[in-house]
């Protein structure tokens, strides 16, 4: 009871101390553009109030969800097939493993070449990024199904398809959940990176999204406080996405640990 | 039986290349989708005049520097956090606040501080590698089998020796897994950082050739990124296999 | 008088005699509780009193959850009791130390060390090796490995060894430190039944069952298996669970050295039956609770 509040106090001590030191350093340098906590808060209020920040986040999130959905729709069935059938795995795995070390952001120039600097390229990048964690974890989940369970299903006379539906899919769900969580995190990072890169190359403004907005604040208006607000927003959205997915997983699969 | 997987691999890649060739012949646009042969020729050219390897070397060099710095920061911190609950309670919340902000998100601010150059990619990559290595170290230290520590205590071994001679070797497999994740994380960050803010390296080269609409070269560099990423991962795995042979099952994937 | 009744009479006598003989280890009114007083408190062990004579092989038997491991941990110095005192040679036990060597249920071998490295560990890094130079240390390690029957496997790693071999390494690591007391927490539990029988014989041989009590180390051994307890022990302490208490102490008057013939002895069977009758009800309750 008292130890709990003691723990919270200890946990807050360091961030609060750092904030105070930071604020003091900023006050000493006197320019209103210096990024200090109070200026950052003011910039945040501006950005949220004007609707710029929520709009940018909404744009980015839209792309993330679209790309994520595409990736999941391809990766989950593929992963289950690979996990269930050695033959499928042997034939598909080399391609997957060859492309996995190539980060989504490296594909971005190709995506721009093919689809231009707008949303379709962004969605492609996100889908590519999210695909690999989802497929890898799905395969692992399908493979990890205990052979004894599979044998039990066989002795009960289940067909291959029925086994897939009733044993493999539910059994692999926790691992698929892990893959989706990681995929979401990667997708969010990928969209920020993609928008940043496009913002840097396409002269800014064209693509929208939070990454582009951050770059504009760097290259055009040199608003450091606004950059930091965007950074914090990126972090917060990442947290919310992760926690949200975890809560959804727990609701859907009460039998597994998060 | 041993040869079969290798043959299947070759066959699958051959099918992939064949499909690629057909599609590229159908679109007949070298900028959009060059044929495998054109890409291969570009690759050979870049290799012959060493440009491929120069950029690769620069990116690799940056990654190694970042990993060294990240380890130097994350390992001691991770051990301290894993061994002392009190320290962990003070430091962890601050780290958890920073962690969701990916290395990529730091690029604009870092550009302002460092400008375009060598320091930017190294900073971003160090940041990217830091968290996976730290988290893995903490987990590794905490996951040390209590029984091993107890066994050493019953032999009267003093506490500092226990940390050096029991906790450290015990946590080593987990540390190497953390290092693998750090490598992957920083190799991803290197591309993004170089694409935006460096005058050299593989990420820079990919972007440079894209602006010139020289797709075969773009693809060559992308392939190099993939090959090196794979090679780095394999290297860490080999190190782990060599130095921690008893933890073989942790390396299944 | 039936064998069971006479065994029961002996047990009562032993409990009464405890306080008068000299003891290597003393446990006096040991209690171990978890949680806050009055609110949801778990009592692992209550009012446990037992003396262990020098050179004695004492086995503690009881159902799951009766606190056997807690007692061992208190003797090892790995846990502090909530009440009561634990003494070795009339001095309080403050913490772990090499004079009370411990063997854990899953061996707790260092996976990154070879057999040699494991056995040498306590001598190399602990007080048991003080005053030994490298050559003397080497000699002791070699002879200990020979004693447990593992000569030739010195350079192997634990993951390359069978369960029985790992148990021998754990024993060797323990003995190399020349402890006065051996504390063993179900060391044979992870082995299959056949290896178990072999290692029971080996354990008695290594302990020195054909020597006099003065030349043998004191052993406190925990097990679930009643036949194992009776085979190995000089005395068997029977515990009950919830809370963990000492129910009875049974004297095992079977002659040493003990071997396969001992297991066929009718008195052996009678003792096993008697002990089983003491804990049967508890064991049953544990499967339905």
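For clarity, chains are labelled A, B and C in written order, and residue numbers in each chain start from 1.
Convention: a residue touches a chain if its C-beta (ideal position, glycine included) is under 8 Å from a C-beta of that chain, and two chains touch if they have at least 3 such contacts.
Source: prediction; values computed, not measured.
Hey, which chain ends up farthest from chain B, C-alpha centres compared?
C
Just by CA atoms, which chain is the most central one?
That would be chain B.
So the centre of each chain is just the mean of its C-alpha atoms; given that, what is the distance between chain B and chain C in Å?
49
Would you mind pulling out the distance in Å between where the CA atoms of chain A average out and where those of chain B do?
The answer is 18 Å.
If you average the Cα atoms of chain A and of chain C to get two centres, how far apart are those centres in Å?
54
Which residues does chain C have that touch at least 2 chains other than itself?
Not one residue in chain C touches at least two other chains.
Please output the residues of chain B touching chain C within their complex, sorted ascending.
145, 147-148, 150-158, 161, 165-166, 169-170, 172, 244-248
List the residues on chain A that touch chain B in their complex, please.
On the chain A side, the touching residues are 7, 10-15, 18, 90-95, 97-99, 101-103, 105-110, 112-114, 136, 140, 188-189, 192-193, 196-197, 200-201, 214-215, 217-218, 222, 224, 227-228, 230-232, 234-236, 238-239, 242.
In the complex of these two chains, what residues of chain C are touching chain B?
The touching residues are 76-78, 95-98, 100-102, 104, 106, 108, 110-112, 121-122, 125-128, 157-159, 173, 177.
Quick one: in the complex, what on chain B touches chain A?
Touching chain A from chain B are residues 5, 8-9, 11-13, 16, 31-32, 86, 89-94, 97-102, 104-109, 111-112, 184, 187-188, 191-192, 195-196, 202-203, 206-207, 209-211, 213, 215, 218-219, 222-223, 225-230, 233, 253.
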